[in-house]
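Chain nomenclature is as follows: A, B, C and D, assigned in order of appearance, with residue numbering initiated at 1 for each chain independently.
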């Protein structure tokens, strides 16, 4: 090693003067890099690699990134970043629970990170939450490392089940006010595509909803271009099963894309801006950062390009017609190989 | 988080079958990146960021990289990589000690990493090694984290001095059989350029060498193009001070370049291949991986392009004419700013 | 060169079979890389580097990128990408023109790319457009290379002026129905900050608007986090000058962010969804891809986090208080250095 | 597009003052990136993408890179860079021709780039060179774009044959003083592995050599670690076929590695340093940049680590035992897939 040496006092002062700059230089040399699409990369400067591990199903990494804080990576794909996961989880949870008149029992398909449960448990109407994730090690990992969900994991209303969500719903005798799909995107041959099909929605989800019950699912990228990957098809599939279907979307900075969710029910969604804001005040502990009545108006009013695709979409997910997606929330490259 | 779920038994097996591949995929998403030159980058996939810290003088990081193992980074520049530091350190130490008839006392300028001392201490003739590094925190860091040098740091023949190497040599009453320069490259305004000047060699180094003593220094990049940065000038400067001067070089994979060293003495270098190999057997504990008689013949026989530059080089380092280098072994961008 | 050879007929066929894959492999080795923020990189695979050049003021490059098509880069920052520039330009132009009862005369500050003029000229009410850009070479470059704007540049209603926009407005005797700011973001010390100040809006812009006239400006990044850079301050500054001010935003994929615009007038903005859609039908040639009545509702209904910042914003741009922005649309790093 | 505008005269001057810096900034945003190994990347800043094309066998790209000049890429792997291809081609050609007492007829397997022919044709003893490359389009591409080889392609002594090198040698009635292998590395299932086997050397190459004839081949990476990929095995295979075998190597900066060649004959290699230098003077037009007598001593004296592997190597390439290599000079990832 050629160490720096021979510095006299005067230069020594010089060193200290430049010290902050030195640090900046050094810290930018380690990067996390993700291929969002085949020809598109998204790279975060790293502070550290906090933990790495592997479960029976997935590889799991927790990074400390400069632009987005602690970041959970599953099978090489960004799942959730500390500074903006609230956008995803507030959007997934609150519109569905707020449109329901009195949501008491909730079933989460997936959700092992714990953030979906955390947002649900902020609703004072909620009496029981079943979180059903197949991967115990991911759940344990998140329980240990994600401080922000510690309280939720300890809430007595939360019932954690390690099982395949479909098997659990099939065998369950309970029914629910809200069922939430917090799963990887539907990829042909991927681990979750069966949980996005018309038959699954019809035969497994809908029968487990109480009267007036609401189903909501994350629905993949929903940007001006990316919404054609799975968002429009999930929307169209749900339209074949439920009477009322509301697609909505929001830009999530760490995903470098706009993300989509679809909410569905056989009861109409009647809550207006003021009603939503009032219900937040009455039912939700703490304050939302992202979602309120107006935010939901914006999120559920899609731009012309996306609305046109959704209107024309004819594909329905069946066991035989899963579509491919290249992107977030999925271990598809590997699992699909 | 959109967790993977809903995997049935059959797919579960599929997951395990792909598991190795999944890991490979994930692990390649974190990278160390260094700009070797302004327009040239060298990037290593990362296993982990082991430690980061900062001393009074420098920022220091220890990475676990996939291609080169544990890698020491100082001020954003690669210093030393686990799997090939033996090339640098065997080349810096053994030619000088092996050409000396009986090296007992050694002075290292810099060398805080400990690897130079480790190689010296393998010589059974050696009775005393003074390692003089200005940065106590770097030394402590390396002592703690570089297992390969643990034994050397604990050797009773090693005397560690925290001081500026020039000041130490000036005030020292001792003289040495071999003096070794393990310092950052000479950059105009950089921390070490004073330790590469004609006046330093003449007034400070040479007077501290015993009769027949040898001085050797790392001498920066020595590739077909990069040798013009500082290698040829260090060589020429030493030629103005010592009677016999031997430049040599070797390709170090983690540096993405050929590296240079220069050895100088007022006694001729007479050991031939067989003599060198015999001295290794007689004096050196353990086995070298890189250096032996033939390796030194190869290293000290420079290619035509480099020999021509060295023959024509006229510049001599003085306090006023340090040259710029963009590259390894130096915090020059920052310190020179 | 170690050329591939010795391939027999059978393997030759094999080559052809793999040919598509070979191409994919090769084409991904060239990348455009932009630091969106200091610790955040956005990288596009390249097809080719179409043109590079430099004007008196700026460096200008036209790339052919895989994910976003032809992409215009000014001073190392992405300005406009072929496949999604319609989002930026439809948002900048149409809301303002559609809210005006009968827009005939339009002044563009900047806009040298030609896309803003192109969108304006689709309005059949428009009789005269002045595009005032300081950089003739950028205008000529875009005229030559951006086929999509060829027709606009040739439209007899377009009057191109090469001048500083402020000087032009100050000396102009004309007044306008709509004035459009298509300029780099306001950066302290940057080239355009004077064109975002309260005094500029009050003394230069407003006097040049006809009664009922509308001013609209691009307003920098407007994401959940990035809106604090300049968006909230541009909004607040305009609120001190105009009676009615409407901020709106939309996610632009190639920018990896949500972008903002602010529209201002002393006449109220009264057009509802249906009215906007009707005016589009009546006035606009061709079909919008992005903007219609509902899109504008979504874009102008900001999410809670952004609304809160805007409501609390107290800063007003003056000649002395420009704010820093790290991001798109600006050569700030260089110009601000 | 948010163009820069509103610049007054004073700022305008400021722009010009910063202009050089702006350019630097811009030009570094386009990069060529190669995965040297799976976990190791080597990236060059780009000036431009000069040409891209595809032949029946290969994809071919010519880049203008900042650190290495014009660079030829075949199937995503660097083949040859303007500023240092002389190291590869002087090493491939001159040692073999200079050790031969009077080389008149030369056969090149591969070599479509033209640089190998160029170096051969500098030898005034040479009367006839057959360059046999399978890919006519690559040859045409190089003929058109590589100015440095224009003269060689036009030399009347050069006979270009488009054919599989093995088929050509098998059917040829000529024999040669020197046969040169300028082919992709031997990869299991790759296009060239049959041209590195014991049976090929024995049955096809050796019978086509005149008495005292010399065979030389490029032999893949030969660094302290990388020499185990194919270099040691090519060496060992040739040792089973020829009486005298000389491996040698040199660091090539643009390859980020040391490269290897192996020279073989049934006549001993007796030329010493002085003889080589004299023959260069007598026979070779123009001046070598890299290779002379001393350079060859250095190149053919391998370091201890490499010599040890070569001494212990037992594997011989046969039709059934090709080894895998990850690296330069080969389209192996694709072709082997």
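Keep in mind that, in the parts below, contacts are C-beta pairs under 8 Å (C-beta built on N, C-alpha and C of every residue); 3 or more make two chains touch, one makes a residue touch a chain.
All values derive from a computational prediction rather than experimental measurement.
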A correct list of chains touching both chain C and chain D reads none
Centre-to-centre distance between chain D and chain B (centres being mean Cα positions), rounded to whole Å: 31
So, what's the distance in Å between the C-alpha centres of chain C and chain B? 51
Distance in whole angstrom between the CA centres of chain A and chain B is 48
What are the residue numbers in chain C that touch two or more other chains? 28, 31
Pairwise, which chains touch? A-B, A-C, B-D, C-D
Spell out the part of chain A that touches chain C in their complex, as residue ranges. 28, 31, 37-45, 65-67, 83-84, 87, 223-226, 250-251, 253, 256-258, 288-292, 294-295, 297-299, 301-305, 307
Using the touch definition up top, name the residues of chain C that touch chain D in the complex. 1-8, 11-12, 14-16, 18-19, 21-23, 25-34, 46-49, 52, 54, 56-59, 61, 63, 72-76, 79-80, 85, 88, 109-113, 115-116, 132-135, 138, 142, 164-167, 182-185, 191-192, 194-195, 218, 328-331, 333-335, 337
